[in-house]
Each structure stands twice: as structure tokens, then as C-alpha cells.
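Heads up, there are several structures right after this.
Two complexes follow with chain A in common, the first pairing it with chain B and the second with chain C.
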Partner chain A sequence: MATSIIQGMGLATGFSPANYRIAHPVSCRSLPGLYFLDFCLLLPLELQFAIIILFSKVALCSVHESNFSERRVSSFVIRSDGSLLSALNGGKNRRGELTTNAVGAKQEKEAPSTASSPGHEVLLFEALREGLEEEMDRDPNVCVMGEDVGHYGGSYKVTKGLATKYGDLRVLDTPIAENSFTGMAIGAAMTGLRPIVEGMNMGFLLLAFNQISNNCGMLHYTSGGQFKIPIVIRGPGGVGKQLGAEHSQRLESYFQSIPGIQMVACSTPYNAKGLMKAAIRSDNPVILFEHVLLYNLKERIPDEEYVLNLEEAEIVRKGEHATILTYSRMRYHVMQAAKTLVNKGYDPEVIDIRSLKPFDLHTIGNSVKKTHRVLIVEECMRTGGIGASLTASINENFHDYLDAPIVCLSSQDVPTPYAGVLEEWTVVQPAQIVAAFEQLCR
Partner chain B sequence: MIHHCCRSSYFPREHYSVPENNRIPHLLSCNSPTRFTSRRFESIKPDKQLDYVNDNGGPQEYIDIVLSSLRSDTVKLRHAKKLQMFDLRRFMILSAVRETVLNFPGGIVKFTQELKFLSESTERIPCYRVLDDRGQLLSNNCMQIDKNIALKMYKDMVMLQTMDAIFYEAQRQGRISFYVTSIGEEAINIASAAALTIDDFVFPQYREAGVQLWRGFTLQDFADQCFGNTLDNGKGRQMPAHYGSKKHNYITVASTVGTQVLHAVGAAYSLKMEGKDACTITYFGDGGSSTGDFHAALNFAAVMEAPVILFCRNNGWAISTPVTDQFRSDGVVVRGQAYGVRSIRVDGNDALAVFNAVQVARKIAINESKPVLIEALTYRAGHHSTSDDSSKYRPIKDIEWWRLAQDPVARFRKWLEGDDWWDSQAESELREATRKEVLHAIQVAEKIEKPGLHEIFSDVYDVPPSNLSHQENSLREAVKKHQQDYPPDVPF
Partner chain C sequence: MACSAAGKIIHPPSINSARSAQKPHSSHKIISPSAFLGFTSQPDKLFPVSRTISSTGRRSATVMAVSSDVVKEKKLKNAPSSAPNLLITKEEGLELYEDMILGRAFEDMCAQMYYRGKMFGFVHLYNGQEAVSTGFIKLLKKEDCVVSTYRDHVHALSKGVSARAVMSELFGKTTGCCRGQGGSMHMFSKEHNMLGGFAFIGEGIPVATGAAFTSKYKREVLKEDCDEVTLAFFGDGTCNNGQFFECLNMATLWKLPIVFVVENNLWAIGMSHLRSTSDPQIWKKGPAFGMPGVHVDGMDVLKVREVAKEAIGRARRGEGPTLVECETYRFRGHSLADPDELRDPAEKAHYATRDPITALKKYMTENNLASESELKGIEKKIDEVVEDAVEFGDKSPVPARSQLLENVFADPRGFGIGPDGKYRCEDPKFTEGTAQV
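Our next item is the complex of A and B:
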């Protein structure tokens, strides 16, 4: 009942789905995402009525604003103790998000979608493919190259069907030489194409390190800005289910020092598609890290076109006690741990940092200033991982706001063993996260 | 042989026109997706295609090949062919042939009873040459070259030689920090550039300044890059002699060896997608041909049928490593065949030979959309760079002999003089004028100021992100505070 009232009101106010559509894609660095409001049906009735009342208040003031050329965001925070907070945020580029549940959210429903727009359900690899296909339709210069991406459709089916649709020149099957097809993509990018290089596994891109570091990252700079390299390098990485040491690598730690590249990590179908599109439209070389185990995540994503900001972090859950920074697969371990923590009475704030290079210190900083405690959960090795850089960065910039030393949970500095139990122990588990959080908040 | 596999639409480039000013790939002007290779099988039916014992009798080409090899065979076979008794013919073929050939993945292979290894060394591939050592045309075929082009070639070769000598001296005097000469390879530089058009992308290694000279890069531009001043295209970010110019389609030199070969193949792929009347050319040395990138690039270029000219400057030395320690194959030209790439060996000190070879290679690359490998044999008459003294690892008399007796500039001049297109007075005037020009360019470039602090941080990305802006501010503050510790002539 509550939803129907809200739905009815949604159309009358400025919060209808049409206003969330981006007028036209703009290829500049900061591209705002879409704003969604989600109304939790599991809330007690009193809360639902409270929302309706609040909405009616807002509706009265904003009903005259039928033209949403400038995006305004309302973020409503429903806290676990039932009180309501609202902040009307006038910033053009800041994106707020409504917490889906008071309790730690379910794994699948990370990106809230508005009740009035149906959206469609996709798996993460399908979302990537959708993003890829939309960009290939939009710009004939976009092409894909990699091993088995053409007729085979890609090892994880991200490029399935594209070769038959666009021809095998635009979806190119290459011989097994990562350095080579990365180099080729760089050459093609310098002369006008926008290639997307798929590494069958991120670990194989170690063979492409020379091209990525020396040419991809540097040529725009050393040529004095004459030649740009709008390339996207993507592939699955991270620890899978017993794939062996060589196929369970975290390349983000090795690549993070390379100047001139950008790195992003996707974690949900929603942000996978948005980041894929943003990466393709960016004129900088972007490395998009996917995770082997997340390809079959299902989520409902909007039907409308949307592009996310490459440098923004995503606030998964707002909280007060401590900030948990994470990305990619660890996000799900963290949310599972958050469920346990909420039951125990804690209030974690969970941020999926998404942008691995550069870090979104704005979002992270605001969170640190609020909670004063930071826990970083990552899959990288302890030495020289993303967590290590993030720890240094936060310490440097927000030292005065910290009440406790930053705790960083990461994998041990060992090659990933094959045996299932051993492999599990090298990855940070929810129980460890709960223990570390409790320790941090003491 | 093509008709069987091309059920889907394969549009060779000359069958439709691409708008001149658009870079729209021909994909958009045809209804079905581009198939760039004519031999691609439909992947949904892999087994049926490869098995010759299927209902429609197997691939036509297979039967043709087999028939042609059995043409001298039984009467019954000929009879069967005449009567077009397909089944009988097939039976005969299958039974006779089963023992002789097999359709392995990759194609039909004939069997042999001889246990014979291919020899690892063969007679050296001969080298194409047009002029002899004295500048005389070898064969009676007229050398078709426009007089203006020939004269421009000569003048640019002299310019390159002079520039090299003077810039090298400037480095020795401490005016620039580093330099790479092309002594002995002037013909390769200029003649190959002359055979190309400005639309062809050049992916150089670092000993190809002459290519850029031909295309219009001025002496002042060269000097600016070497001095790294504000007028440099590269904004002072690369070492001297690492030129690059977008408007001349000359991709900036990177210090990494062999990586440019892959870039050239990728760019050729991009040109092929656009259907442009242009190719790419990439240069590398004998040492560069040992890198992994070279082999993969050659392989890729062949598989993708990319219009790229792979030009190897086999000058005998990779810093101090002679070619005998670099490879044991007959130079680089034989590798072409190994990868399925057409190749040729030319005399790198003969400007006309290089010119002809590159001209024809360009036609092959563009019209047939195939890669071409050119190996130019020459000698690195100078040192590897200003950081090297080659007399340490090779006899001086060898260096002197190659530098004087095999000088490509002198040889070309003799041919020009033989045709009365040049004389000694023009020679001395040119040398004098060129020397003055180079010296002047250096003097001017020396005085121009260097790029400012902001150029450290710009162009890393398209727009500097927050962390870089932050770092730039820190640096500015540091320089402001301790001005005496930082170079005074760098603009703030």
C-alpha cells in the first residue's frame, strides 16, 4: 500500500524515472550516475507513513520543478533504529544513495532500482556485454580484441554474439600473445580506434606489462599530448574456486604504480555496465578489473542508458561506527559480515571504493570524518596491495580525524594454494571482518 | 578456390567507395558483418568441414588438389572424371589417396617416406641492388624516378648526414645530453620515406630521423626536441632523438625495443577496418628482431592480413652484439616465410634499391592487404649512440671502410652526377648551406626556454586528477620555499 501511494506521488513529483535519464552522454571526467530511490517494503508501517508524509512535504516544494536539467538529489537514510534523516543535496556531481535495508543488505540487491521503472534482470557478464554492445553501436571505432572473444564468445561469455553481429574484424580473435595484442591495441588506439583488450585472466596480463607500463601509460605524456590511447583493458582476476596459483592473481597491486592509467573494479551488474561504458568513453587508458566469481551475480538494472563516474566510490551502506573500505568480491564478504555486525548492535559504513586509481578521497574522506575509524578489507596481498596504498593515503590526508590506527585485512603474501580449504584461508572471510571490526570499535 | 568458403559476404575493398573525409569503416556500408579472411570456416560446424569423408564429398579444393596430384594415375580415374560419376570418383580418390595425403588442421599435407630434416642453413638469400659501388646502374632497366624526387632525396640525405655530425659534436660539447646518429643508413631513411605517402603511419625505432626529415620536420624542430625546449612537440619529456609528430604521422619514439612493431600492426589493422588507402611502416634493427614482440607482430600481421611494411635495418650490430651472436638464421628475411609473410632482402646502402622495394611493398600491402618484410643489409658506421664507443668491440678499419667506401650518400651522388643532375659546385654549395642551417638551428634552440613546471603533470591523463593537482601544488610550494635549490632557468 505504501508503495502504491509513493508510486502515485512519484509521478507527480520530480522523482519520476524520466528525470533520471541523462540527456546525452558527456565524455568528460566526471559523469554523474543515476539517482534511484528505493523504498524498503520490510519497514514497519509507521516508518512507511513517515516516508509518505516526508515525501508529500518534498513534493509540494518540488512539484513546480518539472524541468530537471540540473540534477538534484535527495538522499534518505533510514537508520537501523528507525529514525529518518534526510539531506537535500544540491551538488551537481555528488551521488547519494538510499540504503536498501536497515539490516545488512542481501547480496544481490546492491543497486536499488526505482519501483516504477521495471528494469531488467541480468547477470554480471550480461551487464558487461550490454554495456559493450551499446558502446559498439554508438561508436563504430570501438572494437574488441582478445583470445577466444570472437566466435567462441569469450571465456566468460562477455563477448558472446558480438562477432556475428559486428564481424570478426571488430571482435578480433588473437593468437596467444598478450604483450602482442595489447601492443596492437595501443597502436590501433593511437591511430583512431577505441579498442577493448580482454585478458582471458588478469594474470596473463603480466605478459603485457611492458606494453601497458611503457607504452600505454606513457605515450600520451612522452608525445607531448599528441597521441592519445583511449584503450580499455579488462578481464577477470582475483581468487576463484581452486583455479591454482597462476590464475588467482590480483594484478591491481602490480599495476597501481603505473602513471598514466586509471584502474576501476566493478562488483555488481549495475556498476559493471556503468563502468564499462565510462571506461570506453574515457580518453585515458583504463584497466577494468572484474572478478572470476562474480560473473553470475544477478541484479535488476535500469532499462535506460546510464554511465557511471570512473573516479567515484559507492556507498553501499551508511553507518556511524566505523568505515569499511572494500572493492570487488570482498564487498560481499563485508556485507555478510555487516549483517552479523548489525545483529550485534554495530553500525558499519560500507564503501565500495570502485576507483582503484585514483582513490575517491572525497567520499572516503567524508566517511572518515564522520566515523573516525577505518577498516580496509581487500583480496590483495598484504605487501604492496591496494590496501597498503589506501592506508598510506588516508593516514596522510586524514590523520587528524582518525581515532584508531587503520586496520587492513588482506590476503597473506603467499601464492594461492589449490586445495579448497587452504585457498579459503588465504582469502579474508566474514568472521575475520567481524572480529576486526569489533576490535576496532572497542 | 575461394568460392567454397565465402558463402557469407566478403567485400574486397575496391567494390564500394568509402567517403573520403569520413573514417567510417566499410562495416557500415554493407549489410552483413565484415569477414576479413576468406578462409574462415563457420565455427558451428567444425567437424563436418574438416572430415573429408562426408556426404557432399568434402571440400572441392581438396578434391581438386588430389586430382591434380593423381592426374597421371589410372584410366579409371580419368574415366570417372569424364563421366562425372561423382561417387565412383570419390571412391577412387579415397582409396588411392588415403595413403598419400591427409587433411590435417591447417591444410592438406603430403606424406613422404624419407626421414629427412630440413637443413638449418641454406644458401643466403640474394640481395636486391640497383646501383653498384660506383653509382652505375647495374641492369639496363631504366630507373623510373622523378628528377625532383631524386634531388630532394639527395639533399635530405646530405642534410641528415650533416645534422648527425653536428648534433653529435654538440653532445660532445655538452650542449645536448644524448644523440643517436644514422651514419651509414641515410639511404634507408630517406629512400624508404620517399617511397611512401604522408598518409602512411611511421612507427620508428630511433634511427629513422631521416624519415621525418623527408616528411617536413624542420631542422629547428629537430633541434628543439634535442634541447627539450617549449617548442618541442614532446614538451621536453623524452630523450633527445626521440622525435614524434602527429601532423607528419610519425609516432613518437619510445625507448623500448621492438614494441613499435606491434603498434604498427595494430595501426594497420585500424587502417584496414577503415578501408583507407594507406599502410603503416615500422623500422627495427637486427637486435630488435630478437624481441618477442617482433615475432608475435609478424605472426599477427600475417594472420590478420594487415597492411604493414616491416622494415628491418640489419646493420650488423646491436650495440656490441654482432649478428652472429644475435641469430643463427640467414638474417631476418627468412623469417618472413616462416610466418607466412612475403619478404625481400635489399642493399640498404643503395638508395634506389630501397626506394623501389618500398614502393612495391606499399602496393602489395595496400592492394593485397598483406604484410611485407623488407630486410635492408647495411652497416652501422657510427656508434650505437653517444654513450657508446664502438671501437671497443670492432676494428676501426672496418668502421672506416664501411663509412667511406660504402657511403650511401656518395654512391647516390655518383649516380646523380652520372645523369647530369648534380655537380660538384652544387655539392659544395649544398654542404655549406646545410652546415650553416644546422648550426643556426642549434643556436636558436639553445636559447629558447624550457617547458614550465606544469608540464610535469599535464598529459599524464587527459585532465589532471586530484592527486596530481595536489602533487603539483606541493611541488610548487617546495620550489617557492627553496628557490636556490632548484634550477633557475625553469619557468614556474
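Our next item is the complex of A and C:
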């Protein structure tokens, strides 16, 4: 029914149905487009005309834009059940190209000016490697330490090829002794190097807690500022695809109380590379949280060098109704839920907080002041997680601006089960996000 | 007690494995345990406590002993100070003596100050162990690094940190070496490359390994002319900790320029080394990881110095790490809060007779390296230094509130962006120490 009415209108503006169908950017290519059209039918006629004309114009010049060519992929959704990639064999992507951009994502990002150069497409782990390599070229003191980072190229291929290029000492294969080699990296950092420690899985860094808490976080202070620890500790964490309880841990909640460290979580190839570079250049100890399921995300990133700000959050989608705060993989569940919400007529503002410690209260605050409602979606445990801290922080600072209590969706306080269905239920799913958002906006 | 031969470290022939990690670079001989340092022909008389060690050692060490052959019986000679068979020159002797007296006097003053309420918390004193610190650290250059544990005052002093800075730090004053923020257990000095000062045992050993790694990195990757060595000091209790073993492995694996110095004073607070360790001979754990292990009498500064020369020399030449076990003793309790009731008074009395300062004094006077009055002069000088340090500490100001937030991050932007859009460190209250972070 929708198309027949549009056809009628199309005639009025000089478009033939056939032309219209081919040229229209959203109608045939994606489900959201059809929903959008349905929605348009509810608008007054003049507005509908305007929209059609607008889209027609856009359609004519949109053919060349890479945005829309990417949208050719019809199943648009970044699924949460790990069908993106297989985390286990280091990132073989069986689905071909996948876009990371959910509705409205592209224009809201701190997009580089794509006008100057086309950029290049990378997968997230390649983006990390690019950032790493650029920094290693730039500063000879930058080195990597970890299990299987050298000859094996890293369990998730982030350091692939680097040992051949820089040698076995600069890309050091360590024995399995997390506490000691993290401590070794700290000692090296104190004496002039800038090491990057890779935890093969973030969970293994529990063994290095002694060094991370006592030495990494505190040495700059207890030495009265004499020694700095410019170390980066990175690795994949989060709930993967049936990896079992111990390989599915979210350590950001355990580390967040340690004074003297910064924590950032990357979620797209663009911010992965930028945050990696920023973390390496920072004189503070930085823990960079990657996610097992996001390594094969593909995105076009700039050719020019860029470094992101460690302390800033990223506005993924601007909106008016309520703010959704999220980070890492949950960003994609949120964006999927956002699509559903948009189709239902809501207008969520989505912010990827990126900086887990410290929180970017400016970006978050401005959003709260605009929308007055907050929904936090995280993969951390409910108890003592990042969401809990964020809730407290927002309540403390922006209490007057809230029209409703903050809603925080976190993973269940259970060890991640192996069984796929159980695992799915421990993690927040888009349907829950949609329901919570609707409840919040009531 | 004193000795006249140059030290040599005997490398262990492969005991358990087919290959030996370290290839000896000169001719070596294996010596039987009876020529072991500190063991005379009647070890039982002199070592009532370590009888168990020695007997266990003899029973199981039918294989090999690894030690330095430094000890020979003292040759009594009225030789001039430039006698070739003396281990030290007069200048060196005086330097060693002064350093040990400084360590002793400083620690004694710490005890006094603690009981007068000028310092608080956990304070661990080094009385009795001075030979180890002086014997090793006085051989180092300024660029070499030292990593210690909570019993670190004297290591800091030997490395060159001024007594004033250490005493102020203990008093918690802003003029302390760590601005009063570290305290007794965290003595750091960038200038003198004192890398701390760690409260948890074992956590300093990886840091020392890292400093040694930097040295190797500078040499091999950055192609700098770097032969800096790192010394890691820790106790017998630490030798049962995982980080110790993990670092022994990594140090040998990458031939890091590090010396692991075990200050075996037989007690970890109230836990006797013999009750907590399956094989109490710590030096044997070196060869298990492919590095030489040496046992030395840690109450004799000259013996320690000889062994240290060899070990540090090895590291400087790029031959890899060494594990040195110094048998020593602390005359006071574990800390000033420890009533020290568990240790046998006879054991304490025995080790009191082996006081390293008395021993060195005896050596120097008997070999005419220095006169009694010269040594007394040094003692007096050190007394003044320590008094001056106390005075300095007393007069120094306590840290201002502004110091509270300053050194948490090397880059204070790490405190993040506040609600007003500015970095929290830009908030004027930040420098006042009252900002909300």
C-alpha cells in the first residue's frame, strides 16, 4: 500500500514509479527504509512531498557515496550472538563484509573529513595493529610484551608481522607469567621504555593484579612523582561465543577502583586505532579494553594520522528523548535496539562512553541536561560494575536534571555459562534495551 | 674471618639436565661443601642454628656445591697497607666502614624517633645486615639500579640518597625523597636510580627484571653503549614466592644484566626459613634455572664484596644473571612493632659476635689500614650526619594540601573532564587539593 501511494505522489513530482523505485535510496534496500515510509504516511501531505523531494535529491547523488553502497547489505543488524565472526580462530570472518554503522551512526561520529582522501578499509584488529605499528615507528622506546605476540603474531593477530619487522626483543614473547612480565614491563617503563603489555585474554590479567594495582597505579605517587609508568595494558575481554566462564570476564569493574590508572574501551576500528595511539603516547598507565567479538568489524578509516582523546566520550547518535550510555560491544546491541526504537517513533541519544575511568562528565552531562533520562547498557556485572559507578556519578552531578531514575542494564551476576542459550540470557539483548527504553520514556 | 684470595664463581655443571645453560668462560673446579664459605672444619660449633642447613646440605649435596672459593684462613701479617694480598685498599676500607656505620647509626636513630612518635606505621630496620648492602651497592655506578623491599633505608643510603632525604621521608615531610608520600617502605630516587621500596614481598623482583630488560634493550635495540646492571634485594621468605621463580626464569632466558641478592636472615617475621622451605639452600635454586648460585657469608663485608664483584662483572659483560644467597641476620625484630620473642637468644648472641662492623674494624686495624682514631673519627662524623638529618626532618614542613592530588597521574588529564567541560586538573581547586575528582 505504501508504495502505491508513493507512486501516485511520484507522478506528481515527475518521477516515474520505475525510476523512483530504483533511485530511492532507502525504499528497496533496507527494512528501516520501509518503516520510514510507513511513518511518513502519517505526516501531513506537504511534509510528505518535501520528504520525497528531499530523498529524491539525495538519491541522485547518493549513488556514489560509499555510505550507501555499504548499506546494500540487506541484513543490517550486528547480531549479538557472535555471528559476526569466529573469535576462536583469531578472526576468520565468514560473513564477508559487514558494516559497523547502524542508523545515523556515520554522521554523528567525529568523522574525519572524507573529502580529502578516501581512507582505507580495515578490520578492527588491523586498525589496532596499524596504530601500534605507527607508534613503534615513531618512537623506538615503544615495545610489546606478552604471550605469543611475537612469532605467533598475537592470538587475535593484533601484532602480526611486527616481530619480523622489529625483532624479538621489541616484540617480546614472554613465558606464561602474567604477574612477573607485567611487573617487568613496569620496571622497564620506570627506566625509560614505553611497553605495551598484551593479556592474551583480559581475564589472565587477574594474575597480574598485584602489579597492576600496586605498581602500575601507585608508583608514580609513592615515588613522589619521580617515576612515571607510561605503560599500556591491553587485551580482549568480554563475553564471547561460548568461551566459558573464565574466558568471558569483564575486568573493567575490578580495575576501576585502582587509583592512578586510566581505562578506555574501544568499539570501532576508528576509535580502536585512535585510542591505541593515544594510550601509547600517554604518560599515564592506560588499560585498553578490547572485545573478543569485535575484532573483525570493518570500517573505513582515514589515511591521515589521527589520535583520539583518551578522556572523551563519543556521541554515536544524537537524539532528544533519552540518553543511552554504553561502551564496547553493547554499543551494537544498543544501536540495533535504537533502530527498533526509531521505527517505533522514539529518538534515543546514544553515547559510547569510551573512557571508563575517568568518565567524560561533560559529554554525558550535556546529554542528560538535554534529554533528562538515562539508560545505561553495559556488559559488566550488575554488582560494582561500570554502570553502578556511572549511575552514582550522574546522580551526584546531574540529579536536578533527571526526570526519572537512571535505569542500568547489566549482565547477570552469574559466571558466564557455556550453553549458548544461557549465555545469551546473561548478557543484555536488544529486546531488553527496547523494553527498558520504552519504560523509561513513559 | 677475613680472606686474601680473589673470588671466583664456580659455575654449576649440569646437575639434572643434559645441557648447561651457562658455559663457563674460564677453568673451574668443583669444591666440596667443607670448603664452603663460612664453613670451617667445625661448622657445628659456629653455626648452632644452621646445623640443620649444613647437615641437610651435606646429605643431599653429594652432587655438587656451588660457591665462591674466597674463604681461606686469615693470614696474620703485619703487612703495609699496600700489601698485595689484602682485599681492599685503605680508601676502599674507609668507604665501606663509613657506609656501614651510616647504615647502623641511621637505623638506630630511626628506632629512637619511632618511639618518640616522630614516625609511624611499619618501619623495618636493617641492623646487622649492613655488610650486604655495603658490599654490593658500593660497587655500583650511579646509573645502575637497585630494587629493594620494605627494609630499604640502608639500600637507599648506600646508593647515595642523602640521609636528610630519607629521614624527612620517614617523618612524612615534603622534603623527603618521595615528598612524604611513600614512607618507610617506598624509598625512591630517580637521581640515584633507587627503584624502590616495595611493601609486598616479591613485587619488586619483576620491576628489577624490567630495569635490567631496559638495559639490554638499550644495548641491543637502541644500540646505545649501555652496561647498566640492576640489583634486586629480597629476603628468604620471598624465595618461596612465585614471582621469584618466574623472574629467575626470565632473567636467564634473556640473559638480563641482573643480580638477585637474597638476604637470608633466616626469619620472615616469625616464620623460620627452615619451617617454610622444603629445600632451605636458596643458592641451589639458581642452577635449577640455569644461572650460577652462590652462597656467601653475609656478615662479612669483604666476602660479600668479592662475590659481588664477580656477579656484577658477569652482568656487565652480558653473561647473564646470578643468584647470590647472603647468610645474614637482623639484630632487631622484623619491624619496630615486632616484639621479637620467638627467636632464640642464643642464636641472637651468636650472630652478635659476627657483627659486620666489628669484623671490618678488626680487619682494618689488624692490617694497619686504619687506626682506631681514624675509625672513631668516622663514627663521630656519621653521628653528626644523622643528627643533622633529624634536625632537617624536624624543621621541614609537612606536605601542603595542594600535594594531595598532584602526583596521582604523570599526566593529570587522567582525572578526566568535569561537568563544566574543563579538565579537572584545570580546576583551581585541584592545585589546592580540594577539587572533586
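By our rule, the second predicted complex is superposed on the first by the 327 of 442 C-alpha atoms of A that agree within 3 Å, B and C clash if a C-alpha of one lies under 4 Å from a C-alpha of the other, contacts with A are read in each partner's own complex, and residues count from 1 in each chain.
As a convention for this text, a contact is a pair of C-beta atoms (placed from the backbone, for glycine too) under 8 Å apart; a residue touches a chain by one contact, two chains touch by 3 or more.
Predicted model only: the values in this text are computed from it and were never measured.
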Touching A:429, do we find chain B (first), chain C (second), both, or neither? neither
Just chain B (first), just chain C (second), both, or neither: which does A:312 touch? second
Identify the partner contact of A:165: answer first if only chain B is touched, second if only chain C is, both if each is, neither if none is. first
Partner chain(s) touched by A:358 [first = chain B, second = chain C, both, neither]: both
Contacts of A:398 with chain B and chain C, given as first, second, both or neither: second
Counting only touches as set out at the top, which of chain B and chain C does A:229 meet: first, second, both, neither? second
According to the stated criteria, A:152 is in contact with first (chain B), second (chain C), both, or neither; which is it? first
State which residues of chain A lie in both footprints, the one left by chain B and the one left by chain C. 140-141, 143, 167, 169-170, 174-175, 177, 179-193, 210-211, 214-215, 219-228, 259-260, 262, 282-284, 311, 358-359, 361-362
Chain A partner, complex, touching residues on chain B are 23-25, 27-28, 32-37, 40, 43, 201, 203, 232-235, 237-238, 242, 244-246, 251-252, 254-256, 259-267, 269-274, 280, 292-293, 296-297, 299-300, 303-304, 458-463, 465-467
Contacts from chain A onto chain B in the complex sit at residues 28-29, 140-141, 143, 151-152, 163-170, 172, 174-175, 177, 179-193, 195, 210-211, 214-215, 218-228, 259-260, 262, 282-284, 311, 358-359, 361-362
What residues on chain C touch chain A, complex-wise? 145, 147, 176-183, 186, 188-190, 195-200, 203, 205-218, 220-222, 242-243, 246-247, 249-250, 253-254, 406-411, 413-421, 423-424, 437
So in the complex, which bits of chain A are touching chain C? 140-141, 143, 167, 169-170, 174-175, 177, 179-193, 210-211, 214-215, 219-230, 259-260, 262, 282-284, 310-312, 355, 357-363, 365, 397-398
